[in-house]
């Protein structure tokens, strides 16, 4: 019974970390709930508060995946309540699960890259439910992987942790490989955008944007604001181009009509 | 794969979107990252989010397909701010603006909003709220998690709701003057879009070489003989920062544009490159060190 | 408040300014900062400095008013170099150039000259001279102060005099070709002016938040629990450097342009914001720490 | 008699620190003169030379106000000659006066912001003497405030210093508030400039200028030259725009006249 | 006989450091060959390998001249074989020769600046062999200077080194002067380019290029790529200008012909 | 000194260059730096390298002279990559493109290739190869130097050969579309060229003042009296980085353009300035410290 509730809760939190509220999954909220399920909400609160502070500097930015806050916290509570470890030790032993949480996310994100072809097909057929399905599949995969791992931790405890550590060391290259591939895949996305937007006379603009970001992103004081400052410059270029092209169009007319101001 | 349509068949502006549809899309925006992936990031979630609107706007099936296709391209922004992009894109869709314009506006908006949102929410709101509430939780009070949830989720939903309406109205009021000079506007928007993609290519660069080639010994300034390594990524940075990201983007661009590859094929290629690369210790490990299955001299 | 005239009524170029008037303005330039203030900095001193010239040029009272009005706008440059701006502005006034052009040229010239002047005089000439002369003074010799005064004041006056003539002639010789394409030139000058004001908004930013929100404790890398603060200005810098300066500028712009506020009203508003802000410990103390009258958690 | 001469001299130096020579007021020149008034020019020279070296890295830039060089030096001489303190101690005790000098400047600059409305009125009426008056008022205020403080120090000596220190600690928030307000006021000036120059098609240029300064001002090697380098870029933009607009104008004409080169 | 072979080899290596293979002259290749000539290739290999590693961080970039790798290596081998010094000491004693190698290069580069007038004359007369001659003269000068120094080291050994050290200290100002002049001479080259390319409407572009390089070259992460990133921006400007000017030209025509799209 | 011709007399495109000539120029490219000098760097070697091509292309003697003259202007790039510039310039010469265009393309290509080449070869290929081979040499094996030579020289020659053909064909195929709009293309190319020269002026700056003016004493933060120096170059950097390089370039420009000086005369002037400057300890020593023949206070 506890195991089933644990699976359901983990399923939801796993999805929530990217969709839904994006807040519910935070250790400070999720851990007490897990504690409640396991019959010890107080431990849940302590573990949750402690883990939240540890994870607060580790937010996902630009799609990068830090060690996973969901699985680390849940397993931490499980170990604290069921195995009876003190908070810090429980969280320490849970670190390997947060790593596997990260692997699961990486795998899902890689797999879903491939699924985009399905979404494309649905789009080409103007079929909204195809898109819904793709999204649902993704959420289910993520939820299921996480639920499985949480349940495994529930039954396997620390011993499983050690096995996983061993596994993770043996196949670190595979995870690194998936990570490296994941890091490159957004470039496919850029390429698709460029395929359409990049007329021949805009190559320079593309490279200039690259150059602008290269400076702005590498000066301490502007690195946080690199994209907004780039946009400032881009807006200047765009408005200017718009204004000039308008004038060219209008003056062509004025030349034709024989009326031209200031000549 | 996006079709090459650049204008909708039916160019009559659709009726403005009603409140119910807009509200529905606000809620749907919460699943922006449902099928987040490395290739297009939030694309499918984005499309799903605005689908109710698109379906109202494009009664013509062909147009709906065209619109869905281009709205499935790479997309990434901060989830709490996404409705701002939604509103403005929907106002353009409603007016049947040129597809290139819509794309460019979408791309131009998403990048900066991503950066701003990360700084405001991931680096400020969440940590500040955590600081206020965590000790309550540690001291055993449920007030901690409850306050945390109310504050963060409250801000989030208020933004999702408010930005949708604000930006939809903004877009609607601006569009009249823009469509008069549609061609010029499209070009200008494309410039902005391409400029931002250029910036993203550099700023979102997320691949690096990890090779440290043992390079005999060197004699350092003090005249001592020390072990020496060549840091290949370091050398590359000296040629051009984010050079790999640029190279891969251009490679994919070339494969897709000239060799008619599908995006999926590109992804498979990158997957192979990534894994094989790590087998040979070529790439750096984003999340710490890794061990190569075969031993190579440049990977410790 | 500046009127909205953009051209003078009387467009006949005035007679060139005679040497006496130019010399008079050189001397007057010494009072550039007489009524220095936070809103317009050297504006009133600037206007007073060129008034003899303006009175010669604009015999028409309405034009004189228009000219005085726009020459009372924000102005700041290095005092020793101000005559360079004077000369060129006067040459434009004399030719009855478009008011927008004159304003833009004035703005475009003042910014860079301010930076150059500070580096050359405040950071080089004065310290170097002090280095040479201070020990003489300390050893009791009057030669110290006398040399100091002669060197510095000599350089200053030579510049004030020389730059006035050089730039007045420069302006006079360039203007003929420019007035032929006055509309285009005005636009180009405005671009430069607006660009420089954008740069000033960032570079002259001079307001920062001082709040350090105690944010529970954090667990540092070593695993220790440490007191933790949120540095609000630091977070803001991550979103956009000089964001506050930009925001206040845009706020005032909006109040003045859309709400028809006067500049004075804006200033009073900022005065209230500044003092109230410091009562609540919101702003950082430019000149060191301060104590808030009421105790707030984010101000130590 | 000494007090009157002291007041007059201080009045002049106070004005001189922003207007007139901008050199006379420097400690190395002003202090010996005060020493002469107090009957001990030698001490004035020593204090002046010493204080000049201390103030040399503290020049006012961009309207920022460092601790005031005028009042610090004058009071330093007063304390050295009248109270008989050694140079360093006299200057140390005078620091609080340099702070009050800074407050007086801040107050005057704030007050004069309000007076700009008077100047605007004079300008609108094409009334030169109105401008003269505004300037004179400003100079008198500054001179009077400084003279009063110098005379107070002359009679009050060290004891006054301690009272002032107390006061300054109690009302530090007010001074900080005025300072903060002062820091923001230049933005009003920018807003007024923009009100007129900023046509709708120049918003991008404004933001681009901001972005350019954000990089240039935050890279060590270019921060000193930020405005001049910004101007370089601005000049390129402006000349380019001028050239293109000229061509548009001319080609409109050539199209009309039926003569066009190269087509 | 050895001396003659040494002279010939040095002559070739001296030229090779800038022309021909640009690889042969490297210590690792040149030193063993010198060793062969002196009858002790093994010592040559050791000295060469050691010296190569020392010189590897010292490549000539942008025409800058580091202490000379050719002469340092050759003399190192000479001292190791003939005087019998151990490797490190031989290379240490050879440092002064590497400095004189650098002087010789500086002198040649300065002298050849003057010779460009000869080349200009040949060009104006469309006389290819004049160009050939200038190049040959340069190579001969360099080769001869180096050969002479190598032979001198061959006979003079360590004693000569000490004399040279003395000389080098006495005339360091002259070398510094030549170096300073050399550093400025490229500006003449720029001036000549500008003389022709810089129409009046491109002054802004010139200054903007300067400003761009000022940022890009002074941010750590972009300094290595400064010129290529500058080129990115330049390409954007150029293509944009091209596109706009084309449009102006075409629209002028369309105005004339009475056909204009979109008006 | 370059003549002022801007177009060739004979505008009929020449026959494409045959393989033999191209190969010959590949070999000649190895002497690019034969008469390297401080004024024009690789100019004479560059011209000599492409001379076989130019002679084939310009049968008209006047044109050959014009072409040789402009190809003797300042040139500097990485030696291993020079054939890329050669190929593209030769394709333009062959089509008798506007001289200004050729010049601008040449200038625009050489700068970036120089930086790229230095990073790739001087900072990567050579050190990596040295790391692999030096220990072999130190252990007494001839394999070290032989491998070193084969690897480096192999890469070099492959590049020289490959780049020549690739870029010559690239240029030839692009040129048709460009000559149709020759005037516009020339202008655009000039912009790029001038922009790059501006960048070079800053980036290749290689002169600095060495004066350290002893400036009495200063009182440091700890209140101690310490010896104090004014670093003149440091102050100048605060005004404008690379200011000297810009000033000297503009000085030479002015002498050459307005005073009709020859480049040689400028060089002599700079030689005098350099040596006299070091006599008086004004310039910094690029290669370490030097001693001035006369003693000046600002040179230790």
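We just call them A, B, C, D, E and F in the order they show up, numbering each chain from 1.
Definition applied: a residue touches a chain if its C-beta (ideal position, glycine included) is under 8 Å from a C-beta of that chain, and two chains touch if they have at least 3 such contacts.
Because the structure is a prediction, the values reported are computed rather than measured.
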Inset, instruction - Could you let me know which interface, A-B or B-E, is made of more C-beta pairs in contact? - result: A-B
Inset, instruction - Please determine the option from B-E, A-B or D-F whose contacts repeat those of C-D, over half of the contact pairs being identical by residue number. - result: A-B
Inset, instruction - Indicate the whole-number Å distance between the mean C-alpha point of chain E and the mean C-alpha point of chain F. - result: 10
Legend entry - Where chain A and chain C are represented by their mean Cα positions, the distance between them in whole Å: 46
Inset, instruction - Send over the residues of chain D in touch with two or more other chains. - result: 50, 53, 56-57, 202, 205, 207-208, 210-212, 214-215, 218-219, 221-222, 224-225, 228-230, 233, 235, 237-239, 241-242, 244-245, 248-249, 251-252, 254-256, 262
Legend entry - Where chain B touches two or more other chains at once, by residue number: 115-116, 119, 123, 127, 130-131, 134-135, 216-218, 238-241
Legend entry - Complete list of chain pairs which touch one another: A-B, A-C, A-D, A-E, B-C, B-E, B-F, C-D, C-F, D-E, D-F, E-F
Legend entry - Residues of chain D defined as touching chain C within the complex: 15, 18-24, 26, 28-29, 32, 41-42, 45-46, 48-50, 52-53, 56-57, 59-65, 67, 102, 108-117, 119-120, 122-126, 128, 131-132, 134-139, 169, 172-199, 202, 205-214, 217-218, 224-228, 230-231, 233-235, 237-239, 241-242, 245-246, 249
Legend entry - List of chain C residues in touch with chain F within their complex: 115-116, 119-120, 123-124, 127-128, 130-132, 134-135
Inset, instruction - State the interface residues of chain E toward chain A in the complex, per the touch definition above. - result: 215-216, 219-222, 225, 229-230, 232-233, 235-240, 242-244, 247-248, 251-252, 254-256, 258, 260, 262-263
Inset, instruction - Flag every residue of chain A that touches chain C in the complex, lowest number first. - result: 50, 53-54, 56-57, 88, 221-222, 224-225, 228-229, 262
Inset, instruction - Mind listing the chain F positions that touch chain D in their complex? - result: 181, 183, 216-219, 223, 237-241
